[in-house]
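Next come the structures, one after another.
In the two assemblies presented below, chain A is common to both, partnered first by chain B and then by chain C.
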Partner chain A sequence: MKKKILVVEDEKTLRLLYEEELSKEGYDITAVTDAEAALAKLAQNGYDLIVTDIRMPGKNGIELITQIMGLRKDIPIIINSAYQSYKEDFMTWAADAYVVKSSSLDELKSKIKQLLGE
Partner chain B sequence: MSELRKDLISGRWVIIATERSKRPDDFRPSGQAPAAPEAAGFCPFCEGNETKTPPEVYALRAAGTTPDSPGWTVRVVPNKFPALNPGPPPPRASRGIFQSMEGRGVHEVVIENPDHALELGDLPVPHIRDVLRVFQHRIKAIERELHYQYVQIFKNKGKEAGASLSHPHSQIVATPIVPKRVKEEIYGADRLYRTFKECGFCRILREEETAGTRIIARNGGFTAFAPYASRFPFEMTLMPKRHSAFFTDVHEDELLPLAEILKDVLTRLKRTVNDPPFNMVLHQAPNPTLSAKDWPELHLKSHWHLEIIPILTKVAGFEWGTGFYINPVPPETGAQFLRQA
Partner chain C sequence: MIEKFSILSPDFERDAPRELTLLSIISQSFFQPFSLEDNLLVILTALTSGSGVGFNRAMLFLKQGDRLRGEMWLGPRSAEEAGLIWEVLSTPGIGYVEIVEHNRALVSKNEDTLSARLKGLVYAADDEKALIPAYAACRKEILLVNDASSEPLVDRRFLNVIGVEQFLCIPLLARDDVVGEIILDNAITRTPITAADIKLAGICGLMAGNYIYSAALHRKLLDVEKMAAMGEMAMFVTHQLRNPIVAIGGFTEQLLKPDVAEDKRARNLTIIRDEIRRLEDIIYQMGHFLKVSLKEPVYFDPGPVLGSVLESPEIQSKARGYALNVKLDPCPPEILCDPTSFGEVLRNLLDNAFDATPAGGAVSVRGYRKSPSAFVLSVRDTGRGLSNPDKESLFRPFFTTKEKGMGLGLPFIKRVMDTCGGKIEVQGRVGKGALFKLIFLCREREMTS
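Right after this comes the complex of A and B.
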């Protein structure tokens, strides 16, 4: 059975890229544009892993993962931000990994595999 | 009339702006409310959330409890997303005239207690002593086992002081080189040693004790005072009376009086200036094993101390451009308010 990954990313092109690239890796991808949509999806479905951006319209990614912690703490979360600087915010520790966005998705794919125990 | 004052150790001049001297009530720290994510109720440093931190490197915990589980009173964990990569100190590299080295270092977080709302100054004295004991333990381990040149311990309390999380914590950063500011303090200490024929810090402490006007609190082993050339309103220095260059040299029986006076000054600060954000920084000599060759008599000249800087004013263009600071509260006035608190 395919592992289910929820991707939270406000940039359309990146959302499409993640859907395409991670689907090729054999995952079932749901991609949403913001934190509210992510929380709605989480209320309806079970996911094996979440990948979230930080800078997004509405709630930011740190607020999102903090709210997820209030619901359940066992879903692995990867922060995927273009900015290194959020690493200084200890609230990011609620996530399991922090991958800085780059043109290659190798590090992200590798972290996903690691956190899913593959 | 403003006054220019020189800090003897650093050689830095400060403008004490007496004509616009402020009272404690004039400082209203803003933004002390917890950030939105914490309001949602999750904190990675709280007891019960140990799985959200990297495995602890050290903890004081109840007998029978296992690492990375509840039951601890002070807990030290590596930074989950460190700016410097862990590992042994790297060698220096050269590219022509330029020098560099791999970004390796130690970055640990000391979670001072399991209770999210209990600040360092609110803890019982024996618990503060335990936090200080943990600092000593980690400095020894990092210096002797990992051979880093300098171990910096600091605390950022409040958002304006740089804290991203209000759960009380301190940080330990060890660097493979002696930082510039530490070197400047060493050079200043060396200069004063040659001038006074004794430790400059001991001499300053004696002068402060004699003058008395800038003393904030004291006990048998330690004195807290407002430095003569304080850069910031209500700035405090906490210094041991017994000459000692290294924080790890504080004896076991001195830790309790140190914890007592630390709690005392933090409580005074909280009462006087409306619980301000602050930075607390440990100043001490670099790793004694590694620095003995470069600075053979450093143990005689350097004198560890704690610096507590309330964040009540902003460092802006003039300060960055000139290195001058303008302090609107004369240290004598600040010390008086703190003494009376």
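Right after this comes the complex of A and C.
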């Protein structure tokens, strides 16, 4: 069965890019625009991994991670941000990986594989 | 029963004791929206005008780094000119703003050899062996110099510039620092300087020193704020630029794969083109925000500017699908602002109102006089409104509630309003629309004959 990944990203074009590129790797991708939508999806479905942006309208990615930790679902989380500087925020250390956004998705793809034990 | 009095009196009474008038003028410089130079000139005017202490001329030296430099002088160049200037300054009802305008005209006329020679005088600001005039600033002492040409402590170059035998040196102090020095003389009337004159000039020196010191601190604070904003900007730019770059790179990568279907190729190229346009727009807006420098505020009739912005094709096209209600005082007073910035401010407010309001909503513009010295320009919309946290962050650069905004419009408006001594009031609740009120200083129109 395909592994399910939840992508949280406010930029429309990036959502499209991640959906297409990660589907090609053989994953089942659900892409949502903000933290609220992500929490709603998490309440309904099980996911094997979450990829989230940090700066988004409404709740930011760090608040989202804190809430997911509260749910005790134990899902690996990858932070995917345009900002390098959030790495210094210790709250981001709760995530399993931190990948700075890049025009090559290779690093993101390899971190996903690693965290899914593939 | 209570009675209210204005903290800053709009004009200076002719009958008031001259000492009070003088102190009143100088203490107001702390509150005026004019440049440091304008305010310093008003202080010099207070010391030299007919209604002032009664000195004829004042010269100002300011400390820059470890040097004391001649900056400006004020006063008549001849007895006839003295009569004219003092008559203007003792006109009943003259206020701070009129004095600023009067000085600007006078200084532009005074761009003569004396100014040039004064500006050529530079002394070490901390020199045990300093000659007069720097002596007074270095030793933090008030000096009255008599028979200057036979006094060996007087610098001969300075004596050649000032050209009088008696003058008074007032160091400008703030805390332990020397910030400058004022030199006063009676070159026109040749009246001897009295002990009472010296006492009062000394108090004025303390006030002027404090004003210069706090103006410098304020400037430093603005620099710090600017640096913080630059840091924030660098962060913001990273994010704003990186997202389109990731999209462009990612979709280009897909195009490089063999056998890309025609519709996907067209779609990817469209995305790439749009993202490049977005990059261009970001770069343009950043450049614009960094470049805009504000001009000195002046009094002008806001009517024509309001009309031209409201009737401009951009605003007219944005207003389509909205009820745009405009109610302006048909004969508004003159307001204090830079007219170009004023137009930009209204444009920005209208942009925000239309962006926040769904089609079919209403945007109202009002311009009215609230009090003899306050004119209000307000823009109200029926859009999504403002939350309390939003209200706190509205004027921070790069804060935005818009999908595609840069968050530079309201910081610009704040800069304009700060520069012209105006105020901004924001009202609104989530879902209840927003109201932005800009309050400008105003005065009666000048009668044209």
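The definition used in the following text is that the second predicted complex is superposed on the first by the 117 of 118 C-alpha atoms of A that agree within 3 Å, B and C clash if a C-alpha of one lies under 4 Å from a C-alpha of the other, contacts with A are read in each partner's own complex, and residues count from 1 in each chain.
Quick note on the criterion: contacts are C-beta pairs under 8 Å (C-beta built on N, C-alpha and C of every residue); 3 or more make two chains touch, one makes a residue touch a chain.
Remember, predicted model here, so these are calculated numbers, not experimental data.
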Once the two structures are overlaid on chain A, check if chain B and chain C clash or fit side by side. fit
A:I62 in the overlay: touching chain B, chain C, both, or neither? Say first, second, both or neither. first
On the A-aligned overlay, A:K87 touches which partner chain: chain B = first, chain C = second, or both, or neither? first
Just chain B (first), just chain C (second), both, or neither: which does A:L115 touch? neither
Does the superposition put A:A37 against chain B (first), chain C (second), both, or neither? neither
Centred on chain A, what angle do chain B and chain C make, from Cα centres, as a multiple of 10°? 60
Taking the superposition on A as described, I'd like to know which of chain B and chain C A:K73 touches: first, second, both or neither. first
Of the two partner chains, chain B (first) and chain C (second), which one does A:S104 touch, if any: first, second, both, or neither? second
Which value in Å is the smallest Cα separation between chain B and chain C when the structures are fitted on chain A? 5
If I apply the document's touch criterion, which positions on chain A are contacted by chain B in one structure and by chain C in the other? none
Note which residues of chain A are touching chain C in the complex, please. 11, 13-14, 16-17, 20-21, 55, 57, 82-85, 101-105
Can you name the residues of chain A that touch chain B in the complex? 62-63, 66-67, 69-70, 73, 87-94, 98
Under the definition above, what is the set of chain C residues touching chain A in their complex? 235, 238-239, 242-254, 271, 274-275, 401
Spell out the residues on chain B that touch chain A in their complex, using ranges where they run on. 35-38, 40-42, 44-45, 49, 51-53, 80-83, 109, 164-165, 169
